[in-house]
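Can you keep this structure in mind? I'll have questions shortly.
So that you can tell them apart, the chains are marked A, B, C and D in the order they are listed, and the count of residues begins at 1 in each.
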C-alpha cells in the first residue's frame, strides 16, 4: 500500500540522521507494477536529492511507475537541477508525497508543476511522521529562526551541580552517550560564557566511529571567554561568539577573530539581544540549535519563549542543598501559573535514568 | 497451585489498604480437597486476625485442609488469642506462609509451634510480594523506627513553588488525588513548621468517600506554630508537635497541650534531634511516616539517611528562577557523588505527570 | 470505586469455580466508609449464600454500608432464607449488583424488594463479566436446558485418531490437564456409546489434589454399553444412560439399574431424541454439559443446533489419511455455507498447542 | 552499530519480496565515518547485485568505508561480474556479512577472497533473520530441491469442502488475500489433477496492483487434465504437467505441448515419482513450491517427508460430516505417533481466522 512504501522511504530518510546539514532528510522509493525498482536518500548537502538516486537506480523501469517522496519535490534550480524535471523526464505517472514544503513561497509549486504535466499526485501520506523527521528544517522555513532545543540533565530534585560546581556525573553513561547523539544531529550547540569559564568544555561529539561536531556558539556579552578555553581552538570545529556592539569594538574582539573565531554582533545593549541573535543565526543557515546551559542562558531563552523543545534527562538521585545549582536560572516568576508548559510529552528509559521530551506549549501572549 | 491460592490471600490483604493502622495487612484462605472453604482478611486493629475469619467461614470443613496466610501466624496472646492455637483446634493439616514475621524475637515461633504439633508448614510462597505489602510494618519491627517515605511534587526543573511561595498547582489532579491515597495509607504525615506558617495546610485525606486522616506531625524546634493554624484543630485528626527540651518549658507548650495537641520532646539542643524523634515515634507505634516538606526538613532527613523511600511526582513544566523554591533544602553537599541514590526504581504515568518511586540505596557509611 | 469493589467480589466468586454444583458462583463484599468490612462467597450448594458470609464478617459495621454482589440477591425461601431479608436486617444502605437474575419469573424481585425498603440499588456493574462467570446457570434459567459445550482435541488437519482408533496422544500434557479442569467445572460429561466401546474411558477428573467428578452421561439408543465398561462402575461417580423407550424394556435395562446406573428414556424412536434428552437433563438440574465425542454424537448435536460453545484444542501436527477419524461425524452438509459459525472467538496457547474458544452463532432458522 | 546497519540492509532486501525470482533477496548498505553513503538491493534476476547499487550510490565515498550485505558477496562470474571485485575496486576496508552462502561449493569463497585482499570481514550479523529471508534459496542450494510449503485452509474440524465439493468460502477475505501474497512470493504453485478437474482454478495471483503469477505445476500421472482447463491457457502464466513415461508417449502429450504446456517425465511407474519430480524441478531452477492440494497430493508429499513448511489457515466454523473433504488424503497411518510434527510454530490472526505456521520436524528416519 501507499503507506507501506512511504514507510520504506521514511526509513531511508531516517538513516541519514545527522548528515544532511541544513538540508532536510528525504527518502524516495520508485515502484512499478507493485515492485520496487528504485530507492534513494539525500545523503549530503550539495549532492543529489533522494529522487535522483531513486530514479537512477530505477532507470528505464521508472516509466509508468510511482515515486514516493517524504518531502515535496523541489521545483527550482539550486545546487542541483529541479527534481520535478527529473521526475517528468523519466515517465513516472504518479507521485506520492509525505510533507509539503513548509516554505510558503515555494510550497505547493513542485506539486503544481507535476499536476500541470498530467501526473497524478497524492499528498499527506504519513505526513505527521514526515514533518516530525525534519522539524528543525520546517521551523526554520516558516520563521527564519533556528529550532531551539533545551537539553537538561538533572537529579530528581532538578540539580545540575553541587555548590562547588562539581557535576561528575549527574546521569549515567547511556544518557551521556545519547547527548553525543543529539550533538551529532544538531547543527549548532549553544552555551553561556559562564559555562565556558566554569567547565572549559570541548562541546564536541564523541562517538566510537564518526559523528559530526556541531558549530559551537557562546553567548558572551562582554567577551569574557578565556583565550585558553578549549572551544577557542577552531581546528576541531568552528566557534562563534555572540556579543554586543560595544564588545565588538574591544581589542579582545580582534584577537578572537585572529584565532579564527567568528564574532556576531547582537545589539547595542549591555547584554546580547537573544532575539536578534537567533535571527542572525537563522540567516546564516543554522536550522537547529541545542542549548546546553548554564542556568542563566537557559532561563533567559525560556522566559523569552525562544525554546521549542525540551529534552530532560533525570537521574534517580537526590542532591539537595540551597546552594546546589539548578538547571534553569532567572528570571524567577511570581506565580506557578507562569511556568512554561510542555505538551506532546514522551518518556524514554536509559538504564535507571529517565528522559522526558516535550514541546513548549504556545502561551496566550505568544499567540498575539 | 500454592501460588494461586497465596495470590488470592494477597488480593484479600491488599483490599484492606489503609485500614489496619499499625497492624500488618494479612489475608488468609482455607482450602480443602482443592476447594475454597474459607477466606478472610484482618480488617482492623483489635479485631480478629485473617486466619480467624477464614477458619470461621470454613467451619467443620477446615479439618484436614490447608490454610494459606500471607504472614506467619502469631503465637502470642495479644488483643486476640494466638492464631496458632486457632489453627490447631480446627484440624488443619498444612500451613502455607508468605512472609515470616520480621520481629527477630518472635520470628519463626509461630511456624515452630505448628511444626511441633505435626502440621506440614511451607514458607516463602510469594514472599517478595508479601513483604512489599507490609514494608512499613517490617521496617518497624526490624529497627523500631517508622518507615519514612519522602513525597515530592516538582516541576521538571525541581521546583515546588515560586519565590513568592505560590505553588497552585505544580501537578495535575490525578497526581494530587494519588497524594490523598498515600495519606490514607500512611499512619502519620510529617511537615516542618515553615510549611505550616507558609501554607497553613490541613494535612487531611480528602476522598469522595471515607479515608483515614493520618496523624499530623510538625517539626517545630521553637514552637513557632501559630495557634490559628488549621493543623492545631485536633477535632479532625490528632496533631503532634516535635520540639526541644527548652521549648517544652515555654508557656506556649502548655497552651498547645490545652488545645489537645501532643508535644514530643526531642533532645536538649537548639534543633529537634531527628534520630531521637523517629525513635520516639517508633515507640509510640507509628510504623509509617509520609514526609511532605518543606525543603528544610526534607534536606535534613535525607542528609541524615533517615529516609527509606522516595515518591517523586514530576509535572512537565519548567518554572526556572534562582529564587524559586526547590524540593530539598540544605545541607548543600560538595560533590555530586554525595547525592543520595535510589534503586528499585519504578515509573508511573498520571496524565502528563510522571511519578518516580525508588528506595534509598544504603551508603557505605550506613553499612558500618 | 464501585468497579474496583465489584472486581474483588468477582475474584472471590471465581475462586469457587467447580464447587457450587448447580448453584451460581457468587461473591460479595461489604464496604463501610470506604473500608472493607466483610467479604464472602457462596461455597457449596445448600450452604450460606455469599451475602450471608460477607455480612457475618462485617457484623455491626454493615450498618450504613454498601454491599457489592455479583448476582442479584435472592428473594425467596430456598435451602436458605432470602438474602434480601438478611441485607435489610443489617442496616445496609446501598446495594450494588453485577448480574440481574436471568430467571424471568424472579428477575428483578430481589432488587424491587430492596428498593421498596428504601435502599439505593445500582445494577449492571461489570455485568458482562458477572454474566460470563455463570453462563451455564443463566442459560439453564432462560431455556430450561443444560449449557452444552463441545470439546474437541484434534491435529492441525482435524483428526482425533488414526483409522485403528489410536489417539495417544493428540495434544500435549498441558492441554490434557486443561481438559481435566474443564471436567471439574462442568456438572456432567457426555459421550456416545461408540466412544465407550472403543476407548473404555473412565471420564473422571484426574487432578493432583481434589477435583469433582462430573456426572457421566452415555447416549446409547440400543443399550450396547458393555457391562464391563469402566463408566458402569458408579462407585467413583454417578452414571446415566440415555436410551430409547424400546431399550428401556429390555432385560439389559434392569441389569444396568441393578448396578446403580440411572436410565433415562428419551423418546420412542430408534434413536435417542436429543432434544428430549436435554429437556430431561435440564429438569434433573443439570446446568452444564461437556460433550467429549465421538464424532457421531458431536455431529448430531451440532447439526440440531444444540451446542452453545466450542472449545477446540489443536496440536501442531498433521496425521492425514482418509480413514483417519475426524472430530465431527455426520450429517454431511451439502454446502460450505451450512457450516456452524462461531463468534466471540478467543485463543489461548498451551505450549505449542492452541486452544480456540467460540460461541455458536445463532442461525436464521434458530431465530424463528 | 553493526546490527542497526544490517537491519537497514535487511529492510531493503525485504522490500524486494516476490521480485527476485530464483535469485536471493539481498540488501546492502555502505557506511563511511558513521554516515550512510550508499544503499541498494538486488531488484531482479539478471540485474545488478545489491552491492553494486550501493557502491554506485556511494561513489568515491566508499573508499575506507564499510559495506553491510545480508548475504556473502559472490566471487564468480555469473550474469554480472563478481561483487568481490567490485568491492575491492572501491577501496572499501571492512565487510559485514549476514548469511554465508549456503552452497557448499562456493560457501566462504567470497569472504576468503576479501580477507586475502586485506579487508576486515565480520560474519553472522543478524544471521538468523538473513537466513530466514531466503529460506527457499538456502534449501535449494543445500539439497538441489525446491523448498516445499504446504498451504491449507480449513474449518476448525479440518474440512476444506463439503461432500459435493463446495468450498466457497472456507476462510475470510483477509486470509484469501494473504494466499495471493504467498503465490506472489513463491516461484511455483503445485496442485493435483483432481483439483484441476473439480475446481478448474486459474492458480494466478490476483492483486489490486502488480504481482507475479507463479509457474503452475499439475501432478497428473495419466494426463487427465481437461484441454478446456483454465490452467492450460499459458498466455497468463507458464504451465507444467508432471506425468509418467507411459503418458508422455500418448497423443495427449503432444497436444498439450502444442498448446505451449511443458511436460515433465517423472518416472516409469503408474504414478508420478514425487522425488524424481522435485529433483527435476530443482534442476530447472525452481527454488520454492507452494502446494495447494488437493488431499491426495498433500497426503503423498507429507507421507514421503517432502514438505518443509506448513501454513494452515483455520476458520472458526465447523462443517462436520464423514463425507466432507479433509485437507490431507491418504496414506492413513496406523498410529497417532506417526503424525508429522511441526515446530518453530507461530500464530497470526486475520480477522477471526487463525493462521498457524510451522516447519516439519525431521523424523528419525529422515535423519538416516
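We adopt the following convention: a residue touches a chain if its C-beta (ideal position, glycine included) is under 8 Å from a C-beta of that chain, and two chains touch if they have at least 3 such contacts.
The model shown is predicted, which means the values in this text are computed figures rather than measured ones.
> Can you tell me which chain lies farthest from chain D, using the average of the Cα atoms as each chain's centre?
The most remote chain is B.
> Need the CA-centroid distance for the pair chain A / chain B, whole Å please.
Here the centre of chain B sits 47 Å away from the centre of chain A.
> State, to the nearest whole Å, the distance from the C-alpha centre of chain B to the C-alpha centre of chain D.
63
> Taking each chain's centre as its mean C-alpha position, how far apart are chain B and chain C in Å?
Here the centre of chain C sits 45 Å away from the centre of chain B.
> Quick one: do these chains touch in a line, a ring, a star, all-to-all (complete), or other?
Contact map by chain: ring.
> Let me make sure I understand the interfaces: which chain pairs count as touching?
The set of touching chain pairs is A-B, A-D, B-C, C-D.
> If you look only at chain D, which of its residues touch chain A in the complex?
That would be residues 8, 11-12, 15-16, 18-19, 29, 32-37, 39-41, 43-44, 53, 57, 207, 209-211 of chain D.
> Mind listing the chain C positions that touch chain D in their complex?
It is residues 152, 154-159, 161-164, 166-170, 295, 298-299, 302-303, 310, 312, 314, 316-324, 326-343, 345, 347, 349, 352, 354, 356, 358 of chain C that touch chain D.
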